[in-house]
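Paired with chain B in one complex and with chain C in the other, chain A is shared by the two complexes that follow.
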Partner chain A sequence: MMRTSARMRQLQGVGLVLITTWLFCLPFVSTTTELRQHTQIIISVLAVLGVNIATGYGGMISLGHGVFVGVGAFATGYFVDEMSLPWLLAISMGIVTASLSGALVGIPALRIKGIHLALLTLCMAIVFQPLSKRFPAFTGGVSGKAIEARFEAPIWLGDSRMASAVYRYVFCILVVLFALGLTWNLVNSRAGRAMRALRDNDTAAAIYGINLVRTRVITFSISAGLAGLAGALQVVLVPYVSQDNYSVQESLVVYATAVIGGLGSIWGSVLGVVARTGFGALGERLSGVDGFGLVSEFFELLDEQAFVFGVGLIALTFVFPRGLAGIGTKNKQQTGS
Partner chain B sequence: MSDDVFDEVGLVAKNLHASYGAVEVLRGLDFEVAQGKVSVILGANGAGKTTTLRAICNMCNSSGDVSLGGVDISRLGTAEIVRKGVAHVPQGRGTFPELSVTDNLLVGAYVRKDKEINDDVDRWFEIFPVLAERREQLAGSLSGGEQQMLAVSRALMSRPKLLLLDEPSLGLAPLIIEDLFTRFTNLNKETGLTMLVVEQNANLALDMADVGYVIESGEITLSGPADQLKSDPAVQEAYLGA
Partner chain C sequence: MDYVLLLQRIFDALFNSAIYSSLALALVIIFRATGLLNFAQGEMATFSGYIAFVFLVGPQPRLKGGGLAGLIPGVPLSVPLAVMGAVVAGMAVGAATEKVLIRPLRNAPELSLVNVSIGLLLVINSLMAQWWGTGPRVFPALFPTGAGQNFDIFGARLRYSTIGVWALLFVVLICLIFLLKRTRIGLAFRAVSINQTNSELVGIPVGRILMYGWALAAGFGALAACISANSVLLEPSMMLRVLVYAFAAATLGGLDSPKGALVGGVIVGLSQTLIPAYVPFIGFELSVLPVLIAMTVVLLVRPAGLYGTKRIERV
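Up next is the complex of A and B:
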């Protein structure tokens, strides 16, 4: 857990007010499409938070969290359509399915650590797309499938498209806030301390009676559940599921966002998404600037969000190794042997 | 387990064996720590000191009988052994560097479910004011001596009957070591806490201990009352530099 100075707390407060104001104004200034895109960005916080729990708090690198987002989306689509469950129940089933698959991955994580676990989760992300093409009943195969059920606003809000878009927007924000609060409580609880102690020194953690196996598996499944929730909300927003959305790159971007924002900080997961979106938008704007010779050529490159993101990632790891949330934290680190 | 039984017997290890793969590290150790007393195990690097403590906590592949207060604990899991009242300060302190000092203490109370945990945290802050000053700081930013104090108070957060100390003097300045051992002695005298210390620093350890054992290559080669061991020529030559 990073400790923040009073000045940083003030900055965080200002950031919080800015974000809240922005969230509040958005529905009044956006079209339905824009609002949906913004909502998608907001729910991506959950997947990043998932990685943060596994990697930042649990010390288990996961390069494959896009898989759990996918599992959450496929499962929600399946339960809401094929099983005709109500939305809230289907979303819960999406979380449960993702958590269970997370627990399955958590089991090998008991034995392998660091770079090896990173590779294992990466392989999982690579296999996921071709594998999901093979189970069209759940995933719609290569082309994906439309979900029949719609997450509509209740009648009293009117039946306009805008009413539904705002309804989904508010619903997703509330879910994300709830998840953030719950996660914050978790990491500061007895179980969360066990999780973090294990990350720091598993031998010492075992000495104090922390069950390594159980803690690791639970940590990984909670983290996968959060990613699964992100997938479930994607289906709420866009009633369509496809393996196309869950490529390896998606998984890597989620991981990179978590690192940029700051592992081991809840706030960092939000910051990471804000930074990713900001970088992307900035790159798009700048790429349109012409007439400056070489500078313009460089700006052309900025159109590639991945490029901006990559450069940002490299720069950040050098300048702020603890991510955006780590800026200004007292960093008197020594290796506690 | 009743405390009365423990009052009489403390920790008893019989025929303790341990191995890492094919390598046998402990070859049948017999030792005990009487309740309220301090026993010390002396030995060179690789003699099996750390393994002995790990074997007591069932953290390595071991066999033999270990009983605490007359109750067999050799088949229990580590968490259960902690609940029975054994606390362990690992070699090199083993603090959690990215956790705050307070959180480190709270992890020490992981197996407890009572309401007095926070009172105990305050108590240790009173005993070690330097920790109180740094309660919000990450443990990794503490000095070696402070970390050792943190590690000891963290272990005592589980309210143990028996404290296992693994080379507490390792890597600390001589003055700090002396201060630390004075604190250990006081802890034993004031609270009657039973301790098993493994050490290379024979002088200080024997001063504090009631009973001493010397292990070489996983076997006990010498044992007896601490003051007797201190005057033993073999010990003097090997550990006291006489």
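Up next is the complex of A and C:
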């Protein structure tokens, strides 16, 4: 368990207040498009949290969480459109489908560990796109498909586009907060201690009576379910699913965000996404700058998420192996596998 | 059953087998020496492919002005020279990667190494996309592939390019075996692969030897990229799917066995072509699925693969 110093705790408090104020003010100052983009960022916390649960708390390296985001999105789209289920039910079914697919990966993860699991999940992420093209009924094939159903604000909120955008924004924030709270409780509960015990030494954990099979499979399905929820909320926000959004790079950026934020810390996942947003905004600003020659080319690179996160991943491994959330924590123990 | 067609499919598959075998060899060389799976191997290989491309037709940056790069004239080299140049440049990149990124992390946990190789994958991929764009580029074939340039064997066509690629691979392999078995560096490399601590104690410069290993691996990767760039077209993500097959080949053969990588590459290449051809449900898009399942099963049931060293775990 990480010990956080009093000073860090204060910093965290300040950060929390800042984020809350920011979230509160956003609907008043932004257009519907901006609000949608910000909602997408908030949703992405869930996928990052999913990786964190599997890798940070469970010790199972997962490079393929984009796959579960995709499964969640495709399933939600299918249930809400083809089966005409109400939204909340469809979202739940999306989570369940993603969790089940997560359990499917969790089962081999019982025996396949460390770098071999990383290999398997990476291959899974690479294969997901061609695979989803093969089942156009669910995924819309190469070009993707539009979802007919809309997640609209109830009539008493008015029927302007802004009202719907704000409604979706608030809904997604509430869901994300709920998921964060639930995860925080989970990792600090008996089950969460079992996960961490398993990560640090599975033989010792087994001796203490922890059921290895059950804990591993459940950990992986919870983490996949969180990623699936992110996918489901994406459909809530933009009624369109396409395999285009679930490339390998996407999966790896989610993983990189989790590592950069700090594995084994819920706060770290939020921090990772905040850092990603900050760098994204900075990159966008800089890429507009007219430098000359190589300089402007370099600035343009900063706009590429994959590049910034690749560099960040390497740099942090050297400087702060425990991620942004690990800065200032007093503990010599290693996280991860 | 149409035996001529079967033979034809096997001949066609053998070309891809050579690609998978050589990329798998690259993975195995590094895994054997360091216990690290280099997830960025495919991107490093693609980068070498682009270097060959630059040698052939010039930098061709995506950006209109191209910055300073637009000023660099093309170096019109012949194809074999360009490939050789790309292999050498790729080896330099591999060596530099080991020296700068991997060596400082020698005592770091496995997760750190995974992170670095994933970071490298992302960085190289986006660099290539930035410089050359994501659109596919035409790359010349290393060996003649035109119509009629083939042997007729029982009515099936065995193309010159397939034979050429395998001949090339065998020549390189013979050089590799000579290097490993007959030279001091090879001896040192084998020692380091077996036990790093003991090698250090007898005075082998482990770091430098590992750097040679990375260079060697990157060389095989570059070769794989140059072979495949003609058929899959040169683009930043072209080796990602190939990487899956190569990982499958390496796993199947045993992650620490060069012989296994060769045999695994042939098996994976054959199954990639033959299974979709005879199982209609799988079709072309799902051709990677049986390979992935086979890899999972091997990792589950027999992690040592066909020829790998069995690891005994303390329970």
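Here is the rule we go by: the second predicted complex is superposed on the first by the 321 of 337 C-alpha atoms of A that agree within 3 Å, B and C clash if a C-alpha of one lies under 4 Å from a C-alpha of the other, contacts with A are read in each partner's own complex, and residues count from 1 in each chain.
What we mean here is this: contacts are C-beta pairs under 8 Å (C-beta built on N, C-alpha and C of every residue); 3 or more make two chains touch, one makes a residue touch a chain.
These numbers were taken from a predicted model, which means no experiment stands behind them.
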| item | value |
| --- | --- |
| Which superposed partner A:203 touches (first chain B, second chain C, both, neither) | both |
| Chain B versus chain C, judged by how many residues of chain A each one touches | C |
| Which of chain B and chain C A:193 touches, first, second, both or neither | first |
| Touching partner for A:211 - first (chain B), second (chain C), both, neither | first |
| Common interface residues of chain A - those touching chain B in one complex and chain C in the other | 203, 334-337 |
| Chain A-facing residues of chain C, complex | 35-37, 39, 63, 67-69, 101, 104-105, 108-116, 118-127, 129-131, 237, 240-241, 243-244, 247-248, 251, 283, 285-286, 288-289, 292, 295-296, 299-300, 303, 315 |
| Chain A to chain B touching residues, read off their complex | 1, 3, 190, 193-194, 196-197, 199-201, 203-211, 264, 330, 332-337 |
| Complex contact set, residues of chain B against chain A | 57, 59, 78-79, 82-83, 88, 90, 92-100, 103, 106-108, 110-111, 136-142, 147, 154-155, 158, 171 |
| Interfacial residue positions of chain A with respect to chain C in the complex | 55, 61, 63, 108, 111-112, 114-116, 118-120, 122-124, 126-127, 130-131, 133-134, 203, 248-249, 252-253, 255-256, 259, 263, 292-294, 296-297, 300-301, 304, 306-307, 309-314, 316-318, 321, 334-337 |
